[in-house]
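Two complexes follow with subunit A in common, the first pairing it with subunit B and the second with subunit C.
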Partner chain A sequence: MHDRSRWRAWLLSLAILASALLVWHAATRGEGGQATVDAEYAALVGQAAAAGGQTPMPGPMEVGRQIWQHLQDPFYDRGPNDKGVGIQLAYSLGRVLIGYLAAALVAIPVGFLIGMSPTVHRALDPYIQVLKPISPLAWMPLALYTLRDAGVSAVFVIFICSVWPMLINTAFGVASVRQDWLNVARTLEVSRLRTAFYVVLPAAAPTIMTGMRISIGIAWLVIVAAEMLIGGTGIGYFVWNEWNNLSIANIISAILLIGMVGMLLDALLARLSRLVSYKE
Partner chain B sequence: MDRHASNRKKALLMRPFVEVQSLAKRYPGRDGRLGPPVFENVSFGIGRGEFVCVIGHSGCGKSTILNILAGIDRATEGVVIMDGREVVGPSLERGVVFQAHALLPWLTALQNVEFGVRARWPQFTRAQVREHSVRYLDMVGLGRALDKRPAELSGGMKQRVGIARAFAIQPKMLLLDEPFGALDALTRGTIQDELRQIVHATGQTVFMITHDVDEAILLADRILLMSAGPHARIAETVVVKLARNRTRSSLHHDPSYYEIRNHLVDFLVLRAGHPPTQENQA
Partner chain C sequence: MSLFRDPFDPAVRLTPSCPCGRHASQAEHDAQASLSQETLQDRAVDAAIMRALFPQDDLRRRFIRAVGAGTAMAAVSTLFPLAAAREAFAQGQGPLEKSKLKVGFIPITCATPIIMAHPMGFYARQGLDVEVVKTAGWALIRDKALSGEYDAAHMLSPMPLAISMGVGSNPVPWTMPAVENVNGQAITLAMRHKDRRDPRDWKGFKFAVPFDYSMHNYLLRYYLAEHGIDPDRDVQIRSVPPPEMVANLRAENIDGFLAPDPVNQRAVYDGVGFIHILSREIWDGHPCCAFAASRQFVTAMPNTYQALLKAIIQATAYARDPANRKEIAAAIATPNYLNQPVTVVEQVLTGTYADGLGNVRREPARIDFDPFPWQSFAVWIMTQMKRWGQIKGDVDYAKIASEVFLATDAVRLMKEAGLAPPEETSKPFTVMGKPFDPAQPQAYIESFPIRRT
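Entry: the complex of A and B
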């Protein structure tokens, strides 16, 4: 019964994909005059530009071929404007991971403090409420001015956008640890530090992990926009560069790759959160 | 019977092991000023090795009294003295079995007990901690469920782990807050018998809260009856003069059992100063 419904879901998924590809294929068929373009010229200036400024929407076959090409040689490096998609993704992932880990290092201890102490909570709450709704990209000019480095600024933007969900979830998780469990630790005369590590942390861990999962999602959303602004390297810059090249096929390939990587990041965090979850 | 009489005489001569002196608890109202006391003038003693039960309606502050004895809560007035020292905070000298078992759900049964044992004897090696904890889980019949997490245990087994955790730290006094309230009647009966045996064998001093009249008669040497709150107090103390080795199966053959039972039920229904509710007629 369960197996059958799973199979049906798979079939339905495939059917949706197939029909989407079919519609896409039908809609883009016959457009553009790629056959007339001189191959050498095309290689020099890019497919779309070679077609004379027209930007024919590529069909699924072409995008598929493009992605296949990218995956064949993801790490080539032919100068600042032509790097393999693997290198670009690696740059983006690197920035995301540094900013994200820095945010975790700040957010989890501070969230702990906020969750443990109502005074700290009341003192910091106004700042959190004001800072949280600011679009992370609004920090970019300020970051560029003070940090004087585009890459570091992008990392800072990732830091600032991923800090809030982790901070708020940690504080919430810590504050809502069952009083019973804390009483157990108290009646056993367990020190405050040990209680924090052996009772509060595992009790709040699932909530903290939820915050971390939200944060990694937001960080991955923001890095693309940030790299479009800072330029140079990264998958966001790649997308913008391909827009300047009018290579729609590359843009679509990059979009799909961004989605895949985002999905993998989320799956990774989901697996980690399963490790710390518990049933009451 | 004779032993009880001499025990009581001794208790009168000596200061009891635990002395509770004119305890009162008031909570601040909306305006921030203290409201009327939930209970007041609560005084009693507990002898070493004695099993004392408190019975009373919901809201009379039984749990608060237990928490004050545990050192988790503070009394507005009055003091608790145990073994000559005032109770000012939680201590490993008093083990608590919580109402809702309060096991840490991410730890196994064994780890839950070990958590307390390690706190009690920090100098123990890992093997010693384990050996000691296993012994107490064996005592409550959970020797085969060491590595199960609380979610995989039945309600009765969870409460047994809670009991093992409290016993394992070898406290001078054991505090039980309606430990069997959430269990079905059959399981409750089994664990009551077990608890009775363990307490009997170890000579443990116990203070227990219960809603269940039969449970109190089965387990307690002395039963404190509390009137309803606010202004709750200990209205009466009933000494249970039944054989110390009584069991659930022999209890109802003792003629004085019904005498005590009727007395307690009458108190709860008629004299506790609270309209009778179904819960208490049970």
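Entry: the complex of A and C
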């Protein structure tokens, strides 16, 4: 029974994909108009312009070809402004990981402190409430101005956008550790440090991991936008560079790749959070 | 370079016979390429001295043939300290303070000399290892140049003036040692306006220009105002990064733009717009983009600055020759630089182009490359900044122009590159038939009925 419903879900998924591709294909099929201008002029403009129209949106076949081409040689390097899509993704992932790990190093200890001490919580709360809703890209000009380096600025933006979910979730997880467990620890005269590591941390770990999972999602969302602004390297720059060339097929391929990598990152964190989860 | 050879000399070959185009034969090219930089330099010094001693080349050859090269050299050395001269010359050039440089550019054809100097080896010939970095927009290129991430950058020629005066950013002394290109811009309109060619009918249009402090902005405003359209009240002018212009035109967000190429030609290529006029019909010979560096870079690293400028000016001289344009188009259209179809870039550089209305036009002067930073250009730009309210109060036009547009270095290096620099640093010119006198900027501003002062 369970098996059958899974098969049905698969079939439905495939049907949705197939019909989406069909609609796309039908919508973008070129009219195949004849050139209405003389040969010399036609040689100077695109195929569609020669027929008196506009260059159409690429169809699924063209995008598929483009993706296949990218996947065949993802790591070429022809100078600072032309690198393979694999290298670009690696640059983006590198920035995300550095910013994200730095954020974790700050957010988890601070979150612990906030969660364990109501005084610190009340003192820091107004700052967190003001800083949290700021769009990470709004920090970009300030970062460029003060850090004076575009690459570092991008990492900073990742840091600032991934710090809040981790901070808030850690604080929440730590603050809502069951009082009974803390009381037991106190009765046994366990030191505060030991309590933090052996009672609070394992108890709050699932909530902390949830925060980390939200953060990596946001970081991956933001890096593309940040790289479109700073240029140079990364998948966001790749999208911008192809936008510059009005190559929609390349942009769609990049969008699909960004989605895939985002899914992989999320799956990775989901697996990690299963490791630390427990049943009461 | 065939450009600088005497075309009336029967012994001279105008078509290059070696890959670099500077030698008469492949053998000569190989021989020269195998020599080290110092040897070449020493040879140049020796040749200059020998030419001075023997004004007639025939005499020199007979003398050397008679006594042998070794004896000849010894004899000349007793008369003239050859070794010392070689040394003095080598020192005159000085060691480079920094050989790894970063130069930012925007992917448009105006940047041709800055870009092509990389794949075609003009930087390397000066001993520089330059990384040319594609940048997403003018504001970003300014910020990266201000922060020192770029040693020098491709800018719009009004930008160094704006930065020096602190308009739109903190005031930082900036310099513009060379203009990149003259002309080479165009007004492109959406296809649906192909029957509305008279600017007087353009009330309510939305236009895009690449940046507030750009020749594009000033030329478009000038053009509209001359046709009685107030650019602030009757139409909307927005600043849009060049790559987004064609997409916006296609989406009907804007009615047209005055933009750098290849954007105009790209709009034609994709069937989205047509070229209304080229910018040279507004002002023939107007400057557009510039090679710019901070004054601090110029003074702290004089030798590096000289070498870099020399590479740029030589590249500009090479780009000037129409015979080289196709080769350049192929070199800079790649994804690493402009990332455009080759034919688009080629149409811009050769001036044989499709106008979007079914005609093939031939205007070889569509874009040209002339490095000389005329100070009168700077004065004109400042009059327009003042006319449209970007700067307020009194402006010392001549002083700022001479501080930012560095004409003296350009004169010397242009001579070395085989170009003929002008005698003066200022010249009058006409814009849409109206003469401009750089000595009377204030009177010029007041002569316009539409202005914001």
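Note that in this section the second predicted complex is superposed on the first by the 255 of 280 C-alpha atoms of A that agree within 3 Å, B and C clash if a C-alpha of one lies under 4 Å from a C-alpha of the other, contacts with A are read in each partner's own complex, and residues count from 1 in each chain.
Basically, a contact is a pair of C-beta atoms (placed from the backbone, for glycine too) under 8 Å apart; a residue touches a chain by one contact, two chains touch by 3 or more.
These numbers come from a predicted model, not from an experiment.
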| item | value |
| --- | --- |
| Touched partner set for A:Leu144, first subunit B, second subunit C, both or neither | second |
| First (subunit B), second (subunit C), both or neither touched by A:Asn81 | second |
| Subunit C versus subunit B, contacts on subunit A by residue | C |
| Touching partner for A:Thr187 - first (subunit B), second (subunit C), both, neither | first |
| Partner chain(s) touched by A:Ile223 [first = subunit B, second = subunit C, both, neither] | neither |
| Subunit B versus subunit C as contact partner of A:Glu280, first or second or both or neither | first |
| Which superposed partner A:Trp243 touches (first subunit B, second subunit C, both, neither) | second |
| Touched partner set for A:Gly231, first subunit B, second subunit C, both or neither | second |
| Complex contact set, residues of subunit C against subunit A | 107, 131-136, 140, 143-144, 147-149, 243-244, 246-247, 250, 266, 268-272, 334-337, 339-341, 343, 347, 352-354, 356, 358-360 |
| Contact set on subunit B toward subunit A in their complex | 70-72, 90-92, 94-96, 98, 100, 102, 104-106, 115-116, 119-120, 149-151, 169 |
| Complex contacts: residues of subunit A adjacent to subunit C | 37, 40-41, 43-46, 48-49, 52-55, 78-82, 141, 144-145, 148-150, 228-232, 240-246 |
| Subunit A to subunit B touching residues, read off their complex | 178, 180-181, 183-184, 186-190, 198-199, 202-203, 205, 276, 278-280 |
